[in-house]
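Reviewing the structure listed below.
Just so it is clear, A, B, C and D label the chains in written order, and each chain counts residues from 1 on its own.
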Amino acid sequence: MATQQHRANKHLGHLLKKYSLEQLKDRLSPKHHTPAHSIPRDPRITEKTVAQRWKTLDCDASVQQELLDERTQEQQAVYQRNIENFIGTVKLPVGIAGPLRVNGLFAQGDYYVPLATSEAALVASYNRGANLMTKAGGCTALLLNEGVSRAPGFAFKSLIDAGAFVAWTLGQIDEFKRLAETTTRFGKLQDMRVTVEGNHVYLNFEYLTGDASGQNMVTIATHAIFEYIKQASPVNIDYAFIEANLSGDKKACSQSFQSVRGKKVTAEVVISAELVKKTLHTTVTRMVDYWRMSALGGVLSGTIGVQGHYANGLAAFYIACGQDAACVSESSVGITRFEVTTEGDLYAAVTLPNLIVGSVGGGTGLPSQRACLDIMGLGGQGNAQALAEVCASLSLAGELSIIGALCADHFASAHQSLARG
Amino acid sequence: MATQQHRANKHLGHLLKKYSLEQLKDRLSPKHHTPAHSIPRDPRITEKTVAQRWKTLDCDASVQQELLDERTQEQQAVYQRNIENFIGTVKLPVGIAGPLRVNGLFAQGDYYVPLATSEAALVASYNRGANLMTKAGGCTALLLNEGVSRAPGFAFKSLIDAGAFVAWTLGQIDEFKRLAETTTRFGKLQDMRVTVEGNHVYLNFEYLTGDASGQNMVTIATHAIFEYIKQASPVNIDYAFIEANLSGDKKACSQSFQSVRGKKVTAEVVISAELVKKTLHTTVTRMVDYWRMSALGGVLSGTIGVQGHYANGLAAFYIACGQDAACVSESSVGITRFEVTTEGDLYAAVTLPNLIVGSVGGGTGLPSQRACLDIMGLGGQGNAQALAEVCASLSLAGELSIIGALCADHFASAHQSLARG
Amino acid sequence: MATQQHRANKHLGHLLKKYSLEQLKDRLSPKHHTPAHSIPRDPRITEKTVAQRWKTLDCDASVQQELLDERTQEQQAVYQRNIENFIGTVKLPVGIAGPLRVNGLFAQGDYYVPLATSEAALVASYNRGANLMTKAGGCTALLLNEGVSRAPGFAFKSLIDAGAFVAWTLGQIDEFKRLAETTTRFGKLQDMRVTVEGNHVYLNFEYLTGDASGQNMVTIATHAIFEYIKQASPVNIDYAFIEANLSGDKKACSQSFQSVRGKKVTAEVVISAELVKKTLHTTVTRMVDYWRMSALGGVLSGTIGVQGHYANGLAAFYIACGQDAACVSESSVGITRFEVTTEGDLYAAVTLPNLIVGSVGGGTGLPSQRACLDIMGLGGQGNAQALAEVCASLSLAGELSIIGALCADHFASAHQSLARG
Amino acid sequence: MATQQHRANKHLGHLLKKYSLEQLKDRLSPKHHTPAHSIPRDPRITEKTVAQRWKTLDCDASVQQELLDERTQEQQAVYQRNIENFIGTVKLPVGIAGPLRVNGLFAQGDYYVPLATSEAALVASYNRGANLMTKAGGCTALLLNEGVSRAPGFAFKSLIDAGAFVAWTLGQIDEFKRLAETTTRFGKLQDMRVTVEGNHVYLNFEYLTGDASGQNMVTIATHAIFEYIKQASPVNIDYAFIEANLSGDKKACSQSFQSVRGKKVTAEVVISAELVKKTLHTTVTRMVDYWRMSALGGVLSGTIGVQGHYANGLAAFYIACGQDAACVSESSVGITRFEVTTEGDLYAAVTLPNLIVGSVGGGTGLPSQRACLDIMGLGGQGNAQALAEVCASLSLAGELSIIGALCADHFASAHQSLARG
């Protein structure tokens, strides 16, 4: 939040042109007049509750019509378990990129990838990258590890108690596993990591979650363990929380590179010098020059990992496919590497340590989201690992295309022509 | 991507049950058979191109029907400048949270905030937080600074040339400003930062972008400067790129706290001990205990800033309101602080250095997205700064609610009851 | 390396006052005239080689006299295995802080801690903190884990080869252990972590190293494994390095919090409100206020962990006690936490994940360094773990004292009076 | 501090073999018996106080003799302003590396660089790198910027007060400058940065400090400003601290890349392919391969910047030359870059944003430290900037040599032969 003095001065000057200091204080002060109407308490979706909400909002009919169109009204029951205080749906345009050939441990074949976005040039860019990789024989993708965690935290009177507590938990792993599995058919407790910081103890419980991205599953399983610990601990616990912010949930963190969080995938492709020239209108050398400079640009700006624009493709993919879009914050970190092979071709790889995807649960069962999964043949049980490999391959496609554009100096013109129609 | 040996062993074991090593190699190898059909080249939206795309995808009619429903078909022309290879729309349910009283420099009043998500409990949680803050007199919110940047990179033969180049650019600022402003009515070049790393020079151009989030605007303006530099530089440039990854575009980076990227907002509220007890069923002390432990949890896991779950609210808000969802990756960092006031009440604040929001451009003009903005009265010119203050207030609402739930041990049960219907 | 344009301008202005641009270029250009005399090749310490070096340096006799005083000359043979191109010794003043009562798993009792520094106020500050903790019953200190690692890196033709290589290594752990142990009596290979990034594989070998800090030991042990891998690997290795910079050697890294690097110690103390007032002339509340603000200051500036000034004490201790002072860069990260207990007293804790200390090897056998270890009774076999607990306790003493000074506003005056004599 | 469950178990097992849980608790508990004797209060150096301290320590005469040898006793008065509770000196062996040709803005010529260390192979490695660079025409080094900061923090009742305070301070810059300059002849306040986080305000005051590293100078200057602010502020300040941990003092932080902290220097050299082969016994390609893999190794482990082993050379140089060795923690970050030139030679550069060096003040006036500075001709007024350029050049020499050794696979053997004598 640091601001240079001359910038702060300018900002303040602008404000004081519009308002006096007294007026600014008034604007910023808490105000205790009666609030606008509350939204009716019942969070569920019925004709009546939806109508009541719109009455409370008191908008133009045209506003309501865009969100609560007829089709949405007809289908509204399907959203029951996915949202509270429902008022309608927002429609995001979906474009298709592909075919994207993936040679993965789990994903195999040529995929057409649906991407939901309102940013011009995004789909065109991923499409270009996908076709390029497909022409080169496709993208090799390897799921390296998977797991989702919850990290309850426990506070004690002293480090001595903290230590005694840790000693006790180390003997309880089997019981923890048993308890976790009473809550879920699919989740399996895999491991526990212990972090001691003074008289605080964090326990990271790491699970396999089948085909679900699994955040709810691990919360519920960990809750069973947590309740048991609170009852059975031989050491007095001062206070405890089921999640103490050491799991990396919904935030980029450097821990992703060291531990398990979602699905870790690495993907690579070799593009011949000829194909680079013909398709991207640049050279292998220049793309590697770009990689070098941009990797250090990332380091200088303090990113976690070094990469270009995973977030673009992942956000568009997550939204289209019923994934949790908030997880883009944690998923969009990783390592991109470009180099020249001894044959003079382009070697390109991405490694994403923290993909949070599932083929069941969350928004994957909603009609249009399920349709997007079905376009790839990746909806329902048995597909989560393949989904993750497609995500990584897509990310690599995006890096190739955008770096190609930056090297051929097409980056600005592409945005200009597509966004300005 | 580190994996403990015993975990790696387990993963390998699973794989080798399904496939031999040879089969695994086959799966992973590049494959050169004819790819699936290309998507027809014309990326625009016409009845014909959309039909051709669906023909290429060759899906069940029901899949097409969910994405390319009648209403979508009727409206499809509106998406022309927002997407390529359009095939339909994905529908995300929107819930409403509020009223959220914001006492901002720009935002003033009680807002009903639309949130698009498929994650159960999210809207309920933000709604609870919003109402709590409103009861307490509302959220004070202060836009601290704003700006969006592009960072071209230049490579030279030697550090000597790099130095001479920097010396030259320092005399060109006025020309750079003039050139930038030939490309845009709203964008204004504010500042230039210089980064020298060996024989590489990065120039960070920082702009004000009016009511647009401004990423395209600054790309186009910087392109004009970039072309000029390449022609006019008295020093030979080895190679150059219009963006060399030092702008923090679409990735969380620690630079956000030191420089300008989007809109920086800080927001605070004081909640009386009584209100905490009555509404959140916990105590001020326990919430501050949580903050302390979770802030260190964040630090231990290597996050940028310390915060809980900004990503949840920001993703839902960005999607509903036509913002660039990929920017959640960079926007969802910041500082949350909770403490006990000398009166025993709860002081809570959030500071978000990197909100990328606009009230014009991007997806803000699409019908359902514009409807969401209109619910708040924040669509169109003159509203971007208020939007940013609402975002920060919403983030604070979310932190209060989720930390309240963790302290009252309602976190797991809320997810359980809402997600399992 | 970012510089605001106005600062860059000022710097350039200063330079151009002294030199023309042409002169600056001349200064910066490579120069090919005959270099100054080389230092004679033999790096060992004999009367003759030392004399030859001084002849090459061609300094005033007084310079030589300060470094190569009589006593140094007499003792010079003791430095044979610790330095090359020896010319004498530098003398750092040592001050003593204590008694520091440590209640550790390994360290027990009241220690007088030798600190070598030229920074005024440093010893006084640590001394004050040590006495404070001792009055409070001493510092509880707990060694949590230990290990030192080397991380060779291997490059392959493709991800497929990288995967096959990993599969092979997982079956070789016992052989790796055996090989490692042929090189050392004390080192034991504990674990191996695998990191795959595209067609690159890093193997982190983690060792216990007895009472040595162990960096040479693990290098030599890993070399044996490395040579074996290069010969025995069934997969063709493109190229390989014995250390590929994933071990955190001599640099602060966030990995320290997740994995093993040196010795991890957490230490705590409770100081009564009365003692805070009497000794530090401030209040518990104010010290906790300081902690909160400074912890967020650390987060805002992008530190690894949150702490005050571990580096001061660790550097002074490492230098006095023959430890590797370069390791201060990695050791001086961690978590400091201050809070008010329910009784109104001060709870203070530090956790240092990455202490690199040994009681044998390195500089621990040099005469004056060994004397410093002997003052604490911690020289020689069996003392490394206790040393680490003393380091953590010392760090806590420093945090208490400096934060006390900042709260009582004695910080500037202490520096002023002691440094200006 | 995370520990895998199986490692934690092993550690616990070891402990419980030695002690029962009860015994462990006893060891860790606070103990209130009478402490060992205090060190006599007077911190100054006189024959009497030194003797009293040794009496308190109650060591073997041989211990005292090593630290308080005759020469030390004779010279002890010189340490008066550099240490408290003096008991003698520790002697570190100094080796010499060079000649190191530096073509800097400030440093010009062939330097013999004194390095104090007890780590075998360190001096030999830097010496090799220095000679290599000198043969190639020397190292180009460019001081980019300089400044040292203090960052007082202020807490207010509310964000409104915080904002009003910031508005006030923006009008006080000239007064702040005037006040700062009443305390110092050499220090000049250059800039102020403002950071608002909720109701907290941090002010970063950035100074030029002449030839001193300047930490005390800026503390004293800022104290004058701080006292004035507390008296003159028109807004009520809840509490305030002269340093709130936003200055990066003695800790590695990512802020270094964006703001001013110490001296920023970038340095480069081009080494011909032939010279690489002849001197380092490897190839340019292999060294660049190493750079790529190790840069990503750094990124994966979460370092700040990407570099090899700056800490080794900086620690040895800082100790020899009377610099503050604790600052190695902040100085040893930066960017190393190796690449192949179009001519096939090796381009190598380092950029260090945070060198804290001075040619006056601190330990630079102590006899043996001053002698080390004199060997380079860099003691006393007018030499601080040249010192920083020598530091950067030395760091580059180290990177070249160590990476050369890793590529030629001499790394382990060099350590083995030199350390084992």
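Assume contacts are C-beta pairs under 8 Å (C-beta built on N, C-alpha and C of every residue); 3 or more make two chains touch, one makes a residue touch a chain.
Source: prediction; values computed, not measured.
Here the chain-to-chain distance from subunit A to subunit C, counted in touching steps, is 1. Counted by C-beta pairs in contact, the busier of A-B and A-D is A-B.
Over half of the residue numbers at the subunit C-subunit D interface are used by both copies of the sequence. The distance from the centre of subunit A to the centre of subunit D, each centre being the mean of the chain's C-alpha atoms, comes to 38 Å.
For this pair, subunit A with subunit B, the centres built from the Cα atoms lie 11 Å apart. With touch defined as above, residues shared between interfaces to two or more other chains in subunit B number as follows: 1-4, 8, 24, 28-29, 140, 142, 144, 159-160, 163, 191, 195-197, 200, 202, 254-255, 257-259, 266, 270, 295-296, 300-302, 304, 335, 337, 351.
Every residue of subunit C that touches subunit A in the complex is listed here, in rising order: 1-2, 4, 6, 140, 142, 144, 158-160, 163, 195-200, 254-255, 257-259, 266-268, 270, 300, 302, 335, 337, 347, 349-351. Residues of subunit D that touch subunit A in their complex: 1-5, 8-9, 12, 21, 24-25, 28-29, 159-160, 163-164, 166-167, 170, 173, 191-197, 202, 204, 254, 257, 259, 292, 295-296, 299-302, 304-306, 335, 337, 339.
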